[in-house]
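Single-structure report; data block below.
As written, the chains take the letters A, B, C and D, and residue 1 is the first residue of each chain.
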C-alpha cells in the first residue's frame, strides 16, 4: 500500500509531573485505519501516554498531529474509552450513546440513525431506556463502546477496556470490536497488559519500555484475521512480545 | 509542585479575607449601613481589646472558656453514652428493638426546642445547658455509631472467623475498628450542633459566655458588641472544628487512601 | 429458612411496640397514676393529648391557635429557605467550578459557616426589629450556608473520568458544567436541600424563642413562662413532626428528579 | 478415580439451595461428590458464576449445605475453623492492621504468645517476599502485594488446607502471571493441600495437579483431568496448549 499521509504523527512527546519524567521523547506514526496495540510492563505510564495524546494532560514538550494539524478534540472527532467505567449514571443507555453526538451538535436525524445503528451492533437495543446502575459490567463496556463509535471518530483510543471481564466475555467483545473497526475504518490505539489480547487484535504492536516510558520497538502482526489463539504462529509472536516486556 | 500549590492557596485565601474586610469597611464608610453597622477595625479592635478590658464581668478569654466548658463537659458525656448505646444497639438485636423507637421519636426534635423544657426541669443555670448539649450530641453520635457497627464488611467478618476468632474477639478486633471512622464523623456533626445549641442557650438566659455577649449587645443596642460576639463565635467555632479534623486524620490514618 | 427469618423480624417488632407501650404506661403511672409529678413539672400523657386537640382551635393562653402558630412559622421558614436555596446553589456551584474563586472565597466562607444561624438573630433584630423580616433573614443565611456547602461538594465530587469523556468529545467549559458536573452533583444538591431545610427549621425555632410575637417557638416560650408544660410538649411534638414531613417531601421530590439512582 | 491416597476432604451428595427473594429456592450445587487428596493442588475450573465460590464457602464453613455432608480430616464441617485457611478475591485484609498485624492475627486469636507468633509470621512474610513491608498499611500496597499478605496470613495459621477463591481475579495480566509463579514457588516450599477456584483456563492448567471442570448452575463435576506437566510450566509449550485446547472444548461457555 503506497505511503499515504499517516493519520497520527507524534514527535518528541515528553511529559513531566513536576520533576518526575514519565514520557521520555516518544516518536512514532500511525497509518489511516490501522489497529495499533500498545503494550508495556505494569505501571509504565500507558494511561499518561493516551491522556497526553488527547491533551487531557498538557504535554511538557513535543507535538501531536492528527491529519497533519495539531490534535484538538474540539475540532476533530476523537473518542476515548477509559479503563474506569465512564457511562453517565443519570442518563439512560440511549442518552449515553447520544451524548457525544449532542456535544458535537450533530443534526437530529443523523444522530438518531447513528444511535440506532450502534445500539443494534452492540445488542443493547432492548436496553435503551435502562440506567447504568441496572446493567452488568460487560453491558456497561458495550455502552461506552457504542458511545465512542457513534460519533464516527477518526481516532479511537482504548485504555484496557476488557481488563476486568471473564475470558469468554472478553473474546466476544473483542470480536465485536474488530467487526466495528472493519465497518467504520477508524484508526484505533488499544492499550492492554494482556499480550494474548494484543496479538489477537492488532495489525501492529508498539512495545513501551519501563518508566520513564519510551518506544522500545514496533512489531508488525502479519497473522490473518480471524486468529486462533492457540495456533503455533500466534504463540510464537506472543512469546516474542512477552520476552520484550518480561521484567520479573 | 505540592508546596507551590499550598502557598498559592494560602496567599489567595489571605487576599480573599482582606478583600472581604475592605468591602465591609467601604460599605460602612460610604453607604448608610455605616449608621448601624460598625466597621471591621472597630469590631476587631474591640474584640482584641476585650481580652484585657472585660465586657460585663468577664474578659473575652473567660467568655470563650466558659462557653467551651459549658459545651465540652456534656459533649464528652453525650459522646460516651452515645457510642455506648450505639454499639449496644448495633450489636444486640434486642437492645436495638427496645431503644430504636425512642431515638427515632426524639431525634427529629431540634435541641433548641428543648430549651423551655430544660429550663423548667433544670433551672436557668448550668444544669439546663448541660442537659441541652447532652441531647444535641447523644442522638447524633448514637445513630452514626449504630450505622458504623452495621456497616462491617462481611468478608472481613469471614476472614476473622476463618482465622479462628470467637464472637468476643470478632467484636473487639473487627467491629470496633470499623466503627471508629463513623464515630468520628458523628463527633464532628455533633460538635457543630452542640456549638449552635450552646450559643442559643446562652442567648436565652445567661450571665456570661459568647452567646450572652450578643444578646446583651442587642438589649442595649450596641451593634459593636454584637459583632464582637459574632467574631468570637466564628473564631472559636473554626478552632474546635479544625482541632477535631486534625485529631481524626491522626487516628484514622489507615482510611486515608494514597500510595 | 424463610419462615424462621420472618418470625425473627416480627419478634423484634413486637419488642419495639411493647417497649413504647411500657414507656407510655410508666409516664402515665408517674403522673396521673401515682401523682408523683405535678402537671407543671411533668404533665400526664392524657393531659398532653387533650391539650394537643384543644390547642388547634383555642387561642388561649398566647393569643393564637396552634394552627396559626404553625402557619406563621412555616411562612417564615419556607420564605427564607427558598431564597436561601436559590442563592446558595448557584453560589456553591460557581465557587466549586472556578478554582480562582474557590481559593479566594473559601476561607471567608469557612469562617462564616461556623457561626450558628441563631447568632444572627441579634444582628437582624437590631437592624430591622422583631418582625417577620429579621427572622426571614436569619433563616436565609442558615439555609444559604447549608446549600453552598452541599452544592460545592457535589460539584467537587464529579468523577474526573466523566469530565474527560466530555473533554474528548470536545465539550466547551459550559457544556462540561451543565451536561456533566451539575447532573453529577444533583444527588448531593438534594441532600443539601434536605439539610438546609433542617437547619432553617431549627434556626427558626431558636429565633422565635428569642424574639417573636407568633410561631411555634414563641408558643412554647410563652407556655414555659406560665408553667404550661403540656403546651410546651405539644409544641415540641408539632415541631418534630413538621420537620420530618418537610424532609420527606424534599426526599420524594429528589427521588423523582434525580434519575438513575446514586452514583455507581 | 486414581488409587485412594489418604483423602483429606470429601463431599458426599452435597446439595446447596439459595432463597432468592423473587425466584424462590435456587439450586446452586446439585449432588456433588468430590474427594480431595492430601498435599494435592486441586483446581475447580468453570465458567463465570456457577457455584465454584459456594463450594469453597461450604468447605470454609461460611455456608452450610442444604443436603449431604462435607468431611474434613475425618470430622463433619459445621463452622469456620483455623485448619481451613482462605484467601479471598478482594483480599479481605484488615485495613487498620499493618502487614505484620494481619499475618499474626490468626495465631494471636489462638492465644499464641507474642515471640512465637511474631517469629512464625516473619517466616511467612519472608516466604511470600514481603520483607521490609511489615509495618505498612494494606491501603499503601499494590494489588499483587495485598494478595501476598492474604496468602501469608492464611498460611500463618498452619491450616491443613488452603482455599483460594479466584485470588488473582482483579490483577492485570502480567501481575497475574507473576503471582502464579510465586504461588507455585510458595506451594512447593510449604506443601499444603490447596483448592484453587478460577474461571481462567490458562491459570488452571498452569497451577493444577488435578482439574475438576464444573458444569453451569446447578454445578457438578463435568470432567476430571490429571496435569502431570513438570513445574515451573510454560504457557506456550505444545503439550500445555494441547491440554488447554482439550479442556476448553469440554467446558460449557456462558451465553
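Here is the rule we use: a residue touches a chain if its C-beta (ideal position, glycine included) is under 8 Å from a C-beta of that chain, and two chains touch if they have at least 3 such contacts.
No experiment lies behind these values; they were computed from the predicted model shown.
Visitor: Going by the contact rule set out at the top, which chains touch both chain A and chain B?
Guide: C, D
Visitor: When I count C-beta pairs in contact, which pair ends up with more: B-D or A-D?
Guide: Of the two interfaces, B-D and A-D, more C-beta pairs touch across B-D.
Visitor: Taking each chain's centre as the mean position of its Cα atoms, how many Å separate chain B from chain D?
Guide: Measuring from centre to centre gives 49 Å for this pair.
Visitor: Using mean C-alpha positions as chain centres, tell me how far chain C is from chain D in Å, no decimals.
Guide: Averaging C-alpha atoms per chain gives centres 52 Å apart.
Visitor: Report the inter-centroid distance (CA atoms only) between chain A and chain D in whole Å.
Guide: 35
Visitor: Between chain B and chain C, what is the separation of their C-alpha centroids in Å?
Guide: A distance of 18 Å separates the two centres.
Visitor: At least two other chains touched by the same residue of chain D: list those residues.
Guide: Not one residue of chain D touches more than one other chain, so the list is empty.
Visitor: What does chain B use to touch chain D in their complex?
Guide: Going by the criterion above, the answer is residues 153, 155-156, 158-166, 169, 173-174, 177, 180, 253-259.
Visitor: Could you pull out which chain D residues touch chain B in their complex?
Guide: Contact set of chain D toward chain B: 60-62, 79-82, 84-86, 88, 90, 92-96, 105-106, 109-110, 137, 139-140, 153-154, 157.
Visitor: Going by the contact rule set out above, which residues of chain C touch chain A in the complex?
Guide: Checking each residue of chain C against chain A gives 159, 161-162, 164-172, 175, 179-180, 183-184, 186, 258-264.
Visitor: For the complex, give me every residue of chain C touching chain B.
Guide: Answer in residue numbers: 12-13, 15-16, 19-20, 23, 40-41, 100, 103-108, 110-112, 114-123, 125-127, 201-202, 205-206, 209-210, 217, 220-221, 223-224, 227, 229, 232-233, 235-237, 239-241, 243-244.
Visitor: Could you please specify the touching residues of chain A with respect to chain D in the complex?
Guide: Counting only chain A, the residues touching chain D are 41-42, 160, 163-164, 166-169, 192-197, 230, 232, 235-236, 238-239, 245, 248.
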